[in-house]
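Before anything else, here is the set of structures, which you'll find just below.
The two complexes that follow have chain A in common; it is paired with chain B in the first and with chain C in the second.
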Partner chain A sequence: MGARVYPYLMVLPAVLVVVGVVVYPVISGIMTAFYDVTLRTLNTGTAQFVGFRNFERVFADPVFVQASTNTLIWVVLNVVAQLGLGLALALLLHRAMPGIGFFRSGILVPWVVPSVVAVLTWRWMYDPSVGIANEILLKLGILDRYHPWLGDTATSLYAVTVESIWKGTPFVMLLLLAALQMVPRSILEAASMDGASGWRKLWYVILPQIRVSFAIAAVLTFILTVNNFNAIWLMTEGGPLNSSEILFTLAYKYGFQRFDLGKASAVATMLFVGLVIATTVYLKLIQAKEGD
Partner chain B sequence: MDTAAIHPRQRERSAPRVVKRSFQLPKPVRTALVYITLWIAFIWAVFPFYWMIATSIRPKDEIFQRPPSLILNGATLQNYIDLLVGAQFWRFAMNSLLLTVSVTIISVLISVTAGYAMARHRFKGSVTLPLFMLYGQMFPPVLLLIPFYVQLRFLGWLDSLWGLIPVYLSYMLPLCVWLMRGFFSQVPFSLEDAARMDGCTRWQAFWKVILPMARPGIVAVATWVMIHTWNEFLYASTFILSDTKRTLPLGLSGLIGQYTTDWGVLMAGGVLTAAPILLVFFILQKQLVSGIGGGAVKG
Partner chain C sequence: MNIHRKLMTGAAALALGLGVGFSPALADNIVFWINSPLASSPDAPIYAELKAFEAETGHTVELQPVAHMEMERNLTVAMSGGAGPDVMALDIAWVAGLANAGLLMDLTEQTAPLAEGYQKGPLASGRFEQRQYALPLYTNNVALFVNNKMLADAGIDKAPTNWEEFREAAIAMTNAEKGTYGLTFGGSRTGAFQLYSFIWQNGGEVIDDEGKVRVGEPESVEAVEFLSSLYTEHKAMPDSVLTANSWDEVNAPFIQERAGMLVSGDWAIAALKNGNPNLDWSVHPLPVGKQAATVIGGYNLAVNANTSVGDASWQLVEWLTGPRSVELMGKYNRLSAAAGAAAPEAIAALPEEIKPFMEQADAGRARPVVAEWSQIHSEVFGTVWDSVLRGQPVADVMSKADAQTKSIMGQ
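Our next item is the complex of A and B:
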């Protein structure tokens, strides 16, 4: 009898906690998107069912359109750059050379630094009057005078993207390095014997071997980028003039600056649907990998 | 031999060989190129970290000197003294420490038992439950934020460090269980059976045989939770309202002034906040990298 009940007892606390703090809040969050929840209705307990009214109000907001465009730019730039640079770094570091451990540890530093500390450091480096980023670009001849990177609507989103790429690339590199180390050496040697050049070897031999890990890294980067709040919030708060607003920060503003919780939940629910699709793809990929 | 006589596939394959030979750079040049690229990547990765430390040990007038100088002319601990003299920073550190220790202990306890049961026993849901856990990890925090706010308000736990514990569990526990199941499934359970045969109780076999073997995994999960709790900003900044209950990341962001910011003190705080994480990471580097990488990719 004991052997039958034990596993359930052992799993029970985890299931209870997850149902209580993940499943229930998610359901309640989606429900909120269909009620007119504000601070006032929350206090009186008279939130009314309003159907898709919150979604209509979100779609009517011009800032929502801008935030959606920004989210697209933000996600595409981050995913492409992090995967490209991460793969390049993994290929570079996947070789036996003197001092390679030193380089690997150094390149992992951005991943290890706490994100709030990293973001604030970059904000300081972007300082419009004494920022080192301006000074370096000036010395290199790229700029002719200091530029307020975070204060200009034309550059704010891209300036934050650079920080986010800096922070996220090492993790991608780590995932791909682990995958490269599992590619059998004999395959690479056979390719070299056949006279495959560097690029052809990369395209026809290495990439097919690590394609599942690569796809997993892509989906993870996508999820982490959509959910990256700290970088934008602590550098620009989505400004100036919503030029670096993404859907996450927009939902946050609806919810915790205007306390229009229904509208915030509507945006959050749309993000949620997108992420559920991405997660499903991710899980399918993991299962494909286990089937290999 | 006439080229036309060669099988087209073979011709295609031999063509790049010729191209490759003629374009190949000599080996020392290639090695030099690799090292130059590595140095560029290294400097790119480490520079902001260097700049943070450099700013934190500069005298105030030098920090705001224009143009800024890459190289330090003199060092001072004044920024650290300014930061640590007030009681604020110590309080933030204590709050962070308290929260980190509690969340780590709770999530390790819960995830060890659940992970073990999922890996060891076949029962209803032993296959779907772990996948469900992984799904839980992917939920966007912004969707959870609002229900948490409503719930914490209802319970009167807004602006309380204890109220943050369940919130943080939502963000850590699912992945902890998933990773832990991965680690336990690599433990050879025949050893446990052998221990039971030798007269150990179920508990003794678990405690003395299985747990020591799963230790690297447990260390990796515990460290992962510690680092993420220590660094968490979004939930803390939304649910903590009073100054005395702030955590370190919150305290740091609070040092940004509306008009002027004392960057020397702020960067000193950054160094002190990052130091424990860096220390833990470089001590446990091997275990962590294989643990996280293995857990995420291999499942």
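Our next item is the complex of A and C:
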């Protein structure tokens, strides 16, 4: 009996910690989405169960539709660009040549820089009067006058996306570079002897070999992008006119500007469920392919 | 041994007696959150003032500086959870929301006998639904900062005093080739804060004293049209107006001598002096429209409704906002809200750049004291200003804002 219980006793502290800091907050957050939790009801302890009323209120808000569309654009652009550029950089740096260590370290700088510093730097680079981004584009003849990248509703989301891609790509590169170094040299040599060109070798030999790492990178990039609050909040606060609003910033505004915690939890719950479904489906697909 | 023991006992009794005799009967520790500019360094005047308070009362004060942008959210989150400071400094626009949520101690009884000691406008900013929840620590309003050299170079010999002169000066100082502009202004909610004075100057209202929403009325529309046209039509504001969400960003073109005028409060003075010590600038009352008006700002002190040291907290609030605040706020180049600060001799003693703020204090208007104000300011007026700057018709935008404000107010 003792021997059977003993292992459970050993993991009990860890289970309690996980329940306390992960499971309970998640369940509490989901529960809040079904209650009328505002500043007043929170303080007086009179929050009432309202069923799906918070979700109805969220769906009735036109900003929610815009934030959902923006979230989709934000996620797709970030994931595709970070994976593409990350893979390209990993392939570029996966070769033996003098000084490669320096380049591998250097490329990690954006990832290492604290996000607040990075964002504020990019804000200055985008400045509509003295920003270097405008100056360079003007010198290259791409622009004929300075453009308020973050102040224009047509460009604000894409301007923030560029910063996010710059910041996130080195992490993807690092994951894929590690995976590339695990690919047996003999397989690559065999492919070369069979006459495989660079692209065919990449598609038929290298990518299948690193597909698990690639999948992990994709899932992590997806999750980190959906949850990337800093970049948007510090650069535009979701503006101007909600043009760069994503669901995360919208939930924050509901929660900490309007102090309508029920509505904020409704958005957070939808985000959570969406993340779980998307991640599960993707991992299942990868596992299925693995099985094939 | 016996003598030694007796001496020890005697010394202990003496120490105990002295301790009891000199210590206050009820010495409490007060946690005090203050807006960070007032406690920016260890030698900031507030620390000496708190030492004097501690010496006088025996209480101890734990001062915690909090950035303005973080203060409202942090207070709300902490106090809703039953925690937070005992005493807090509040932007006057936050009092109603926090009082409405039941987070502030009702100070009506304590403050009633002291009301004469404060300027009326700032005192009213701490009142919500006929109850007093806060007392004014300092007050301010917005005035016009002018780059003297740019104004002279534009051929204008005096700072504008009315809207027409204001527009002419802004246009005259604008030079697309040189990259100079007449006026630097904020975007979104920062710009909205600057907007209110002009709405009131034109006879417009946001929410009147009876609580009626009047955002869409022609006077308000005309005021917004006047200001926004300086950017959309006359190009007299730099493009930074589209993104300037902090005062640093609003001040930057003025500091860099790319903008000749700035509408701001006394908090800009230190930024201008630090940012460009060689800048030749002066402060003037805000140009007058149909009537004089300037938006009142400032900070109040309030007590947490859930504090366990209510009496000591009240003592601290009374100490810091009372007559001593004239000298204390003078050390920060800020305006005390005590009645004594409005006396002619007190105004005469102010630095030159501060005097215009005090001179126009009678025209000061508080923003509507309604619980939903923070939301109306950020979401409605921030959007109004962002929309009109991007060319949307002012009348349509204001009409929509009127409906939104009514909806938020439950009208």
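The rule is simple: the second predicted complex is superposed on the first by the 263 of 292 C-alpha atoms of A that agree within 3 Å, B and C clash if a C-alpha of one lies under 4 Å from a C-alpha of the other, contacts with A are read in each partner's own complex, and residues count from 1 in each chain.
As a convention for this text, a contact is a pair of C-beta atoms (placed from the backbone, for glycine too) under 8 Å apart; a residue touches a chain by one contact, two chains touch by 3 or more.
All figures in this text were calculated on a predicted structure; none of them were measured in a lab.
*Asks:* Give one word, clash or fit, describing how chain B and chain C relate on chain A after superposing.
*Replies:* In the superposition, chain B runs into chain C.
*Asks:* Considering only the touch criterion stated at the top, classify A:Gly168 as touching first (chain B), second (chain C), both, or neither.
*Replies:* It touches nothing on chain B or chain C.
*Asks:* Quick one: classify A:Leu42 as touching chain B (first), chain C (second), both or neither.
*Replies:* Once the two structures are laid over each other on A, A:Leu42 reaches both partners.
*Asks:* Touch check for A:Leu241: first (chain B), second (chain C), both, or neither?
*Replies:* Second partner only.
*Asks:* Quick one: classify A:Pro13 as touching chain B (first), chain C (second), both or neither.
*Replies:* In the superposed model, A:Pro13 contacts chain B only, not chain C.
*Asks:* Could you tell me if A:Val117 is touching chain B, chain C, both of them or neither one (first, second, both, neither)?
*Replies:* Touch status of A:Val117: first partner only.
*Asks:* Given the touch rule stated above, what does A:Gly86 touch, chain B (first), chain C (second), both, or neither?
*Replies:* In the superposition, A:Gly86 contacts neither chain B nor chain C.
*Asks:* Regarding the shared-chain residue A:Ala264, is it in contact with chain B (first), chain C (second), both, or neither?
*Replies:* A:Ala264 contacts chain B only, not chain C.
*Asks:* In this superposed model, does chain C or chain B come into contact with more residues of chain A?
*Replies:* B
*Asks:* Looking at A:Leu150 after the superposition, I want to know if it touches chain B, chain C, both of them or none. Which is it: first, second, both, neither?
*Replies:* In the superposition, A:Leu150 touches chain C alone.
*Asks:* Could you list which residues of chain A make contact with chain B in one structure and with chain C in the other?
*Replies:* The overlap between the chain B and chain C interfaces on chain A comprises residues 42, 127, 129-130, 256.
*Asks:* Taking the touch rule as given, give the residues of chain B at its contact with chain A in the complex, in rising order.
*Replies:* 13-14, 16-17, 19-20, 31, 34-35, 37-38, 41-42, 44-46, 48-49, 51-52, 55, 63-68, 70, 110-111, 113-114, 116-118, 120-121, 123, 125-126, 129, 131-136, 138-151, 153, 166-167, 169-170, 173-174, 177, 202, 227, 230-231, 233-234, 238, 249, 252-253, 256, 263, 266-267, 270, 273-274, 277-278, 281-282, 285, 289-290, 292-294, 296-299
*Asks:* Would you mind writing out the residues of chain C in touch with chain A in their complex?
*Replies:* Within the complex, chain C touches chain A at residues 73, 76-77, 79-80, 97, 100-103, 179, 187-188, 238-240, 242-243, 245, 253, 256, 258, 374-375, 378-379, 382-383, 386-387, 390.
*Asks:* Name, in rising order, each residue of chain A that touches chain C in their complex.
*Replies:* Listed in rising order, the residues of chain A that touch chain C are 39-40, 42-44, 127-130, 146, 148, 150-153, 236-237, 239-241, 256-259.
*Asks:* Which residues of chain A touch chain B in their complex?
*Replies:* So the residues of chain A in touch with chain B come to 2-4, 6-8, 10-11, 13-15, 17-18, 20-26, 28-30, 32, 37, 42, 89, 92-93, 95, 97, 103, 105-110, 112-118, 120-125, 127, 129-132, 135, 138, 166, 170, 174-175, 178-179, 194-197, 200, 213, 216, 220, 223, 226-227, 229-230, 233-234, 248, 251-252, 255-256, 261, 264-265, 267-269, 271-272, 275-276, 278-279, 282-283, 286, 289-290.
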